[in-house]
Amino acid sequence: MITSEYRQSATAVLKVNEVSKAFQYASPDSQTHVVLNRVSIDVKDGEFVTIVGPSGCGKSTLLNIIAGLESPDSGSILVKGERKVSTSRDRIVIFQEGALFPWLTVLENVEFGLKLAGVSLDKRRQAARHFVDTVQLSRFANSYIYQLSGGMKQRVAIARALAIDPDILLMDEPFAALDVQTRDLLHNQVLHLHETTKKTILFVTHNINEAVLLGDRVVVMSPRTGSIKKEFAISLPRPRDVGSPEMTVIKRQILNELEEDFHFARRETRTETIQ
Amino acid sequence: MITSEYRQSATAVLKVNEVSKAFQYASPDSQTHVVLNRVSIDVKDGEFVTIVGPSGCGKSTLLNIIAGLESPDSGSILVKGERKVSTSRDRIVIFQEGALFPWLTVLENVEFGLKLAGVSLDKRRQAARHFVDTVQLSRFANSYIYQLSGGMKQRVAIARALAIDPDILLMDEPFAALDVQTRDLLHNQVLHLHETTKKTILFVTHNINEAVLLGDRVVVMSPRTGSIKKEFAISLPRPRDVGSPEMTVIKRQILNELEEDFHFARRETRTETIQ
Amino acid sequence: GISFGGNGSSGGSESKELRIGYFPNINHAQAVIGLGNGDFQKALGNDIKVKIQQFNAGPSAIEALFANQVDVTYIGPNPAINGYVESNGEALRIISGAASGGAVFIVRNDAGIYSVKDLANKKFASPQFGNTQDVALRKYLLENGYKTKDKGGDVEVFPARNADIVTLMIKKEIDGAWVPEPWGAKLVKEANGRIFLDERELWPDGQFVTAHIIARTDYLEKNPEIISKLLEAHVEKTNWINEHQDEAVQAFNAQLEKVAVKPIPEDELEAGLSRMTLTWDPVKQSLLKSANDAFDIGFFDENPDLSGIYDLTLLNKILREKALEQIQ
Amino acid sequence: MNWKRTFTLLEEKHAQKQSSRRSFDISDAANIALFLAAFVGIWQLVFLLKIWPAYLMPSPAMVITEIGDLIENNSLPIGIGVTLARLAGGFAVSLGIGVGVGLAMVKFRGFGKTMSSFAVGLLTFPSIAWVPFSIIFFGFNDSAILFVVVMASVFSVIITTYSSIRNIPPIYLRAARNMGANGFALFRHVMIPAATPSLILGIRQAWSFAWHALIGAEMLITTLVGLGYILSVGRDINHMETIIATMITIFVIGIIFDRIIFRKIEERVRSRWGLDQHTE
Amino acid sequence: MNWKRTFTLLEEKHAQKQSSRRSFDISDAANIALFLAAFVGIWQLVFLLKIWPAYLMPSPAMVITEIGDLIENNSLPIGIGVTLARLAGGFAVSLGIGVGVGLAMVKFRGFGKTMSSFAVGLLTFPSIAWVPFSIIFFGFNDSAILFVVVMASVFSVIITTYSSIRNIPPIYLRAARNMGANGFALFRHVMIPAATPSLILGIRQAWSFAWHALIGAEMLITTLVGLGYILSVGRDINHMETIIATMITIFVIGIIFDRIIFRKIEERVRSRWGLDQHTE
């Protein structure tokens, strides 16, 4: 029932402009570790971009920088043409781990953003209930965080972000701890949301099926160069069938790209170990 | 290169005996939520059992109970025929999240178990280095935990458990945050380990490919009855091809089982929401 | 009772011990000088170990005496009475006087107090609730027709430590204070104070006790010969000070500097000394009257029976030997 | 499988568990009673053995009589009232200033770094040392006492606020800022609750600093009322019964306050965060 | 793309950052100097305005002279030595007992619950109140002073240990127990490091309690040496210079100790845990 076409016409609502970021290695010689090296992405209004890349290649770092939570060493983030250096409610991150507030119940966590926005108790409670239902947790609305399973926590984090209703959603492996069915359900709900509200979404995942199923475009990041290695535009209509021949081709290509980097990294590691 | 056949002959090294566990709902009427209801599993020596089931169905709870970290409301855990009520170094859990020690470096985290066992500094450092290499983190040996990405943390947790070399490994979604290649690599390494050391492994995952790829047996848990719904013995030799017809059949069956529960749960949720 | 924690103080063995307490005050000058320069140790002989304990407030000294931590101490009249009464007459005996006089009623120059008539609606301080000066002040007010605030009157009296009295007078928070020397001298010098009344004027012959020597009853009974030696040294030191005023001031300050980090300014010391006398006479009548006054004012529930507080036999024996007048 | 039955069984089990939790409070009370009984017993024994004379170590009965006397002549009730009022006043001021300065220190890093050293330096100041200054600045009155109380506890509040907030796991602050929290909302809705476990520990101690200072100040800055004054009179006339009676009063007040304030907050936080899952 | 060049650029940038971190310490020192200068300036001004006479509020110069005098007549150096020795002794005992009891409280829940109330009650006890008992038990000597110091700080250590360990995220303890840690190893390798951020906060305060009590005890239990004794003499003869000189000494010692002990540990922990990533 959900359909979509690649929006060629839309303007770049989010511009990642030559962003670089490095960390120090915690080793005696404190080498510099360049994580992002002049990364540039243009994301059009209402575009759904999925990001894949090996573990540790800088995906979370990039999302954090886009959200204004970390500052890049160089480069800039532009939203609707304006340069952004701090956080704002229009770019919400669903964090990879542990960002729920243990002093609040599930419901209170979900309504937190609305509370900050000054929404009245009644309204925000209603909205929160809606999103808690969406992620299938109505029975746990009054539970505290420690009482939830890993997958349930992830779903609360999703509900919390959706409740804020931001223009740009930055999702960092949001479905990693979910079972197939719940994941399918949430795929549909995210796509529905994307379709109806025209939200711009950046979505990090390790699941290539997920990447090609959801994205208008799949971005492959490489730890080797610290930048974007390749992009795949996917103009197939939704709902997509991951088993279809077109999809299989794209998946194969993406896997190849990832494979290359992986072997490179392995070689590097090995030589280092020998040294 | 790795092959294996289903070990019919081995005796039950681990016996989960009618284990039940319930929690209170955090709701005004504090309903009881039965998570595990008389769950029984016999695991043979050297068997590789994978566990699948919807989010929140009690997989982590079961592993914790087996490890002796939580006590069941009723039922018992037998290891080699002996009843166990507390933890011991022969049953090590790889936790689903956040169990690394922030005050230690990666290397120190990995050697922690060996330090407790009284292994000399030299030896344990050597062992730790080996396992840090295994999970591809040699360059981050001296990093602290906050300096790692999500997937890197998961790998440290794996290395830490492997370093202890327990008889029974209880792995709780250990590869959920890893990219395809790293995951493949670790699959092979776990299988190799299983093959060479005859470790008994319980492995929770949401990835059905992973479940059928690794397991001698796949256990499907259900939140509806709070118990094991179905088991699938997989006697195909390794390495297996997830795309093969036999595998596809098994996967289909497993998915069906899961689907059923899921729809049941959805119905339940919906009625409740309406009330 | 069983003696506990006392290290051989009551035993009858060879090496005996005498633990003496005193305050670094001028009315304990005999002790400050005699203990400081070793004269007391000499007088007691080498087989008696003298241990010195300095105090800065009477209650601690009594506490220490109760706890069997000192055997003998120089002390003011009030703590002595309190200790005697608290212990039902068991714990201690006054065995000699040490000083007489040396308390003054100071008023602030700009407080508008020129005669007894001007005391209404004023605020005064004394060093401690219920101590000698406090009792004297209250009694004086009462006799001159004033009631203190806590009794529904219009004069306020409250306790403050001597050091704080100086500050309060400088800040004009109080109009006067009844204090011991050398604080009187200090108030005159630093706090724009003036002597309104020298307490000696209120007593026959200008004699009223401001320092005693007390002994633990138990120790006194078991070691009369040691106490005798101490009293003899005390009497001698008193005489010496009285005969060599200037030298004594020097000696006093020299010793004080050793133990107390800082000396007292010489002018304050001399001014203070001029209004008091060092003596071995405990001026019994003044103590008894003071206690009686305290009862009148309401500090005691019943008139304290102080009949057994004095044990002057040893002192009198020494005075007799020295052909000095004995105490009645 | 008749899992309906099992459910019922399990529910019953839980009901039992709950009631055993309730009965735990009874065992808590029993424990306290036991401790106290043992303590009073030993005390009575020491008294009977006459290790120390009665005027040094009075019997429990004597102290109880004394407490009765102090209540009868109203000095204890008034003393408790006045002292608690002063404590509340001083501590409220400390909390206000301390939390404010602590937050400013978190916000302005340079200031924080410098001020944290000063605060620790000033925290080690014995409260007694403030008394002369207090008298110079304020004279002999309640303000002077308040000043001493504030100076003795405010630095503790400052350090507590500063450290507790700085030790919050950064992810909470990130998440909150991401959702648009800043300024007072960040403080009120995130920093305070996230820092609560550590704040309670620190504030409890600040509270004790305030107590210590207050009693000391009441002993030295005499205003003729307050527990400190009663204690000082007891000391002046070497009346051990009064001293012990006052100490017992302070002890009991301390426990009551802890139970009705700090303990309550603590238990609530612990159950929410799942910290009471420790040793199950 | 010549990303070699970019790498070099980035590396340079990092080098700058590092040096700017180093220069921060200089700015810290500058801040402290500024604070002190401002303080002394105001003090001098107050002195010059003659709001209070010089014997109530001496000038900075007078106090410095006094410090010189006290150093010259050796009372300050000896006082510092003796006081620090007592502090170290008393605090060591407190730490030993406090940590032990705190652990026992964690281990035995019932005992913990009861004892935690008692500990808080006893923590609110003013240390002054312990003095008479101390004299009864120990006499006029260092043991008595130590007793007061221990009684004033041990309950703070107990509460700190107990709360800090109980507030450790349960997952760490689970993981550790899972790997076979228990008894002393669990305590040494997991509880202590996991509780360190909160322990530092609490121990700092316990340390201050010990200071307060020590100075108070040295004032009341006269042994003719120690900073408290100097302070008490200053108070007895109302010599403000002495009082201020002593306070400055205590302040400086407090800062030095904090910087060489607590601050060091704290910064190390913070950098390991990634807590200094807060507001970047």
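Order of writing sets the labels: A, B, C, D and E. Residues in every chain begin at 1.
Everything that follows uses one rule, which is that contacts are C-beta pairs under 8 Å (C-beta built on N, C-alpha and C of every residue); 3 or more make two chains touch, one makes a residue touch a chain.
If you're wondering where the values come from, they're calculated on a predicted model, not measured in any experiment.
Counting steps between touching chains, the shortest path from chain A to chain D takes 1. Over half of the residue numbers found at the chain D and chain E interface occur in both copies, marking it as a same-residue contact.
Centroid distances from chain B, each centroid being the mean of CA atoms, peak for C.
Work out the mean CA point of chain A and of chain C, and you get 84 Å between them. Between the CA-based centres of chain A and chain E the separation comes to 46 Å, rounded to the whole angstrom. Between the Cα centres of chain C and chain E there is a gap of 40 Å. In chain D, the residues touching two or more other chains are 52, 56, 132, 136, 169-170, 235, 274, 277. In chain C, the residues touching two or more other chains are 63, 66-67, 161, 163, 167.
Each of residues 97-98, 144, 146-147 in chain B touches at least two other chains. Across the complex, chain D is touched by residues 64, 67, 69, 87-89, 91-93, 95, 97-104, 112-113, 115-117, 144-147, 160, 164 of chain A. Residues 23, 25-28, 52-56, 59-60, 96-98, 105, 133, 136, 138-144, 147-152, 155, 172-173, 176-183, 206, 208, 255, 258-259, 262, 265-266, 269, 272-273 of chain B are the ones that touch chain A when the two sit in their complex. Of all residues in chain D, only 169, 171-172, 174-181, 185, 189-190, 193-194, 196, 269, 271-274, 277 touch chain A in the complex they form.
Against chain C, in their complex, chain D makes its touches with residues 50-53, 55-56, 132, 135-136, 139-140, 220-224, 233, 235-239. The touching residues of chain E, counted against chain D in their complex, run 27-28, 31-32, 35, 52, 56-57, 109-111, 113-114, 117-118, 120-129, 132, 136, 152, 156, 159-160, 163-164, 166-170, 173, 197-198, 200-202, 204-209, 211-212, 214-216, 219, 228, 231, 235, 240, 243, 246-247, 250-255, 258-259, 262-263, 266, 270, 274-275, 277-279.
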